[in-house]
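Here it is: the structure, laid out below.
Each chain carries a letter (A, B, C, D, E and F) given by its place in the written order, and its residues are counted from 1.
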Amino acid sequence: MEVTLLIQATDDSFRILEDARNQAKGLLDSARILEDAREQAKGLLDSARILEDAREQAKGLLDSTVGVTSETRQMEKQKIQTIFQGVQETKSGFQNFIVTFSLLFVFWILLSGKFDMFHLTIGVICSIVVAHLTHDLLFANVRVGDTMVIVRRFIIYIPWLIYQIIRANIYVACLALSPKMPIDPHVLRFRTKLESDISWVTLANSITLTPRTITMDIKDGEFFVHALDKRVADDLHAGEMEDRVAHIFMEADHIYIQDALDVARIYVELRKWV
Amino acid sequence: MIRSSEDIIIRTVSRVLVPFIQLFALYVIAHGHYSPGGGFQGGVILGASLVLLLITYGPKETRRHISEKSVTVFSSLGVLIYSGIGVICLLLLGNYLDYGKLSGILHVAPAEARALGILGIEIGVGFTVMAIMFSIFFDISSGGKPPEDEKE
Amino acid sequence: MIDFIVSKYNYWIYIILMMIGFYAMIGKRNLIKKIIGMNIFQTAVILFYVSIGCKKGGTLPILEHAHGHAGQVIQASSYINPLPHVLMLTAIVVMVSTLGVAIAIVIMIYLKYNTLEEDEILKAIK
Amino acid sequence: MRILNLIVVVITGAILIYGTMDMPGWGNPGSPASLHVSPRYITKTLEETATPNMVTSVLADYRAYDTLGETVVIFTAGMACILLLRKRRNGHD
Amino acid sequence: MIPAFDFVILIFVVICAIAAITVKDLLSAVMILGAYSFFMCLMWAEMGAVDVAFTEASVSAGIGTVLLIAAVYRTTRRSRD
Amino acid sequence: MIEQAPVLIVVIPLIFAFITPLIGWGKKELCYPWIILALTLSTFCSVITLLTVINTGVIHYHLGGWLPPWGIEYVVDYLSAFVLVIVSFISLTVAVYSKKSVEQELPEKITYFYTIFLLQITGFLGIVVTGDLFNLFVFLEIASLAGYALIAVGEEGAPMASFRYVIMGTIGASFYLLGVGYLYMATGSLNMADLASLLPDLYGSRVVLVAFTFLIVGVAIKMALFPLHGWLPDAYEKAPSSVSALLAPLMTKVAAYVMIRIMFTVFRPYFSIEVFPITTTLSWIAAAAILYGALMALAQTDLKKMLVYILISEVGYLVLGIGLANKNGLTGTILHILNDAFMMVALFMIVGAIVYRCGTREISQFRNLHRKMPFTMAAFVIVGLSVVGIPPTCGFFSKWYLILGAIDASQWVLAGVLMLSSLLNAILFFRVIEYAYIEPRNEHDSGGESLVVTSEEAPLSMLIPIISVTAGVVLLGLVSGRIISTVIQFAVPACF
């Protein structure tokens, strides 16, 4: 009886031991799986760090390649500096007026072609009146203080556009004259990085002016362009024109002076509080 | 009928064009002596630029540039300039609209005085025509409804 | 005969235009059509006047070399007759004024009767 | 009714064609219109009004009163449109 | 003055006039009227009446057409004749 | 300043009209005295002009200092000075009268209404005073455009009536312009006196014949001569009452003046009598117009509509005198321009006053009107007698001269038509007077009510013009001999 009980107890303990060993084994297994997971996570983190590096490198690359906008940035930085240091009002309205006036007066001289005192006086008076009435129209959404630069850059932009138009003309002529007529019309749809309406319109009209492409519609920064064939579409996606327009209007990939102005106001408030 | 247009291209292009249209109109008025044109044509072009503003930006925005009251004032002012020049000639003991008599106060030769008189009345005509063309279009397009309803 | 017709072709065309406009004014039932006819009718009259002013061998009625050649004698036959042009400037102004008033009246009618057909309006008035 | 209108139109046209028979040829420099009054406008405009554009000088000087009338016509039309169509804005005039 | 050119424009003017009073859609009729005015002004410019042509271009083809279009939008496009 | 009076007649109301909208922005009530002031000054100038003409003869006024064939000329002779005084006086009367009725009918548009009202009068004055055919066209258009607008603000159906007037008026004006163009093409001149000296050599030319036809047809449309009168009844009936009181007497008279000018000044009288015999045709058309107008008036139950048809018949009288083309006939016409202007303005003002008080124009509802508005109805009776042609009133004298003219031309039928129309007019007016004065006998119950009717006379600003014009109707009859001997006998073209 006693022996039977003992044997039974031993059996039981053995079984329990066995169970415990099994459980320990399972725990060990799961621990190993966790270890693996940790390893993997570590790898992921590493790769993320590599990616980060790559992005940094890419950014640096972009900065160095898109040199056209750096001048803009430099200028804006200076301006923001002055805004934050002196927290002064810019004389934007007056400058707009002066630029509008000089544009209109040049237009007047082109129309008139008379250089006697009387007609020049009339021209000055008319230009002042019209500029006074409409300077807020001509440069409505343009950021503060940039009108001079914009006009200069726009004038530089025009020869390039003409060159593009001539090139596209020749291309279309070749297409139309070639016996197979390899045209493949389709509608492109792309989102632009430009932000203000005047730059949208400049881009849209430049696209329309160039033969083989026509802007059909703009909806919230999304362009619908009808193009004549595939190569044209690739040209557009490459986005040289877009970059140049952005350069004119000092947009994309830079800080807004307008924002700086807004922040400057808050900044002044804060300084009062502190 | 008139509310501001949604199309971004039309809005922007008209915004940029309006100053140049207006300057061209003034050029047409001022150079009526040497080239085709004169007060009437220039006034119509000025009126057309205002109509362009009206159909792209709607009545509310346009009223900021030229209000109904100033339209009435301008239309009266133009004809008053015209007939006023005539009355000045009367006061200078000439006949009505005899600009040659203006040489007495302008200190120029009679022929030059006539040219200046012509310029004066062209300006008057331009004012009136601008204001009236705009006002006719405004009335017709708002079509008998008070302007409040049109303001969306 | 052919020569006779060809030498006055402007006048024949103006008569045709005037008849078209006149017919639209009294024959058409739609008010806007009547206004369009009115416009054509008046334009035809203006065409007639401009044709009167025409002069073969004349140039635009703007003096050339206005300042340089003061002593030069100006030949009347070398410039087109300016008087009909002046009259027609006035007539064009009258035309557009009439157009404006007529359109204003048409809009009043439309607001009241909601139609532009003359017979329907007359029925509504009765 | 339509026939009647057509008849009126055709009669008018016929009268006009009848009148056209005696007209001087188109663009004839010897027609009375270019001989009687207008030569003075052409030859004297610079000397009398210092304005090379004859149309302007006739419009605004020789026949300035017509132009005043023309401006009044425009003014009348504008006032007429206001009278017919403009409603007062609520409250003030 | 080139008679052939003159003649072509005259024919065109007559066609436009007939079309303007026969088209049933009022908006089209008004647009054709604008074209009519424009051809008319072309012809006058060609006949030497530059001032009249300028006025016609700015008044009839410009403001007049705009006024008529405003009226058509204000009322209705349909017409029975 | 006296030598500037002819141009001041036109320029004063013009400048005042330009300032009226500006005054209206400030204070609406000032518009009324403002235009009264303008018209008083203008009337004063025109009276001065008439006196100057009587004393010194025809006035030539060169606008801009340019001599006639090149510049625009104002020619004021006896006829135009006479018509000027009529037009400015009548419009002054109507302006005084218009205060209450405009306040009632168009309360919120007073400013612009008065602006256009003044421009309308300016148009009439400009037509009368000018001596240049194209200038006449310009002022004709000013008057027409103002008229279209003023008619269109009337009662129900007025816009449509006005639209038909626009169409007809534009046809008329374009025909006139076409006629002027033909004359210009044939002669190269636009000045009336210059044309009169150039035209006699060209009377055989077809161009001149066509020009004459178009001028006459154009003016006849503006005048609403019988077959071309289609626009008139609706337009004048539906216009606001002060507008029909202004347009009905003046538009037709001014157009008649233009017709006399064209037929007997621009063209020599023998042209329309012998070379291109249109006068006989005109007189028969005029006779038809007289009968048509009177008969249509008989069929109306609405007083204003009846007056409109009487107006058509009065246009017939005017043209009849022109068509007779002899001294007595033309004297009759010119005298009738004066008399008829007074009679028509009185009648239309009376209708306006009745509408203002009673709100109805139906003749059958005029019972007891003589108790309600005694002075107005008395004026109506006097003017009615004048229209019929009872001796002491002025209507008799012009008809008398017309009949004399018809007898001189040995057109007995026309003389008969004139008599017949007097009879018809008598019936017309007696019908209205019967309703207004004779109380219904059989309604004893309502008879008591009729006694209660209190005197509700028209307001003083309406009553004074009505009574003064009515007094004028009688007075003109009494002094018509002097008017003829001082003015009209010189106004008739010299060759008769």
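Here is the rule we go by: contacts are C-beta pairs under 8 Å (C-beta built on N, C-alpha and C of every residue); 3 or more make two chains touch, one makes a residue touch a chain.
Every value quoted in this text rests on a predicted model; they were computed, and no experiment measured them.
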item: Smallest number of contact steps required from chain C to reach chain F; value: 1
item: Chain whose average C-alpha position is farthest from chain A's own; value: F
item: Distance between chain centroids, defined by C-alpha means - chain A, chain C (Å); value: 56
item: Centre-of-Cα separation between chain E and chain A, whole angstrom; value: 47
item: Inter-centroid spacing, chain E versus chain D (mean Cα positions, whole Å); value: 18
item: Chain C and chain D: spacing of chain centres that average the CA atoms, whole Å; value: 9
item: Contacts with two or more other chains, residues of chain D listed in rising order; value: 16, 23, 27, 31, 33-34, 37-38, 41, 52-53, 55-56, 59, 61, 63-70, 72-78, 80-82, 84-85, 88
item: Per-residue overlap in chain F, given as positions that touch at least 2 other chains; value: 14, 18, 21, 25, 63-64, 134, 138, 141, 145, 148-149, 152, 184-185, 190
item: Multi-chain contact sites of chain B, meaning residues that touch two or more partners; value: 34-36, 38, 40, 75, 79, 83, 86, 96-97, 99, 136, 139-140, 143-144
item: For the chain F and chain D complex, residues of the former touching the latter; value: 14, 18, 21, 24-25, 28, 63-64, 66, 69-72, 108-109, 111-113, 115-116, 119, 122, 126, 134-135, 138-139, 141-142, 145-146, 148-149, 152-153, 182, 184-190, 198, 205-207, 209-211, 213-214
item: Interfacial residue positions of chain D with respect to chain C in the complex; value: 2, 5-6, 8-10, 12-13, 16-17, 20, 23, 25-29, 31, 33-34, 37-39, 41-43, 45-46, 52-55, 58-59, 63, 66-67, 69-70, 73-74, 76-78, 80-81, 84-85
item: Touching residues on chain F, where the partner in the complex is chain C; value: 134, 138, 141, 145, 148-149, 152, 156-157, 159-160, 162-163, 166-167, 170-171, 173-174, 177-178, 181, 184-185, 190
item: Touch list for chain D against partner chain B, complex; value: 47-53, 55-57, 59-61, 64-65, 67-68, 70-72, 74-75, 77-78, 81-82, 84-90
item: Residues on chain C engaged by chain F in the complex (per definition of touch); value: 22, 25-26, 31, 34, 38, 41-42, 45, 48-49, 52, 83-84, 87, 90-91, 94, 97-98, 101-102, 104-106, 108-109, 112, 121-122, 125
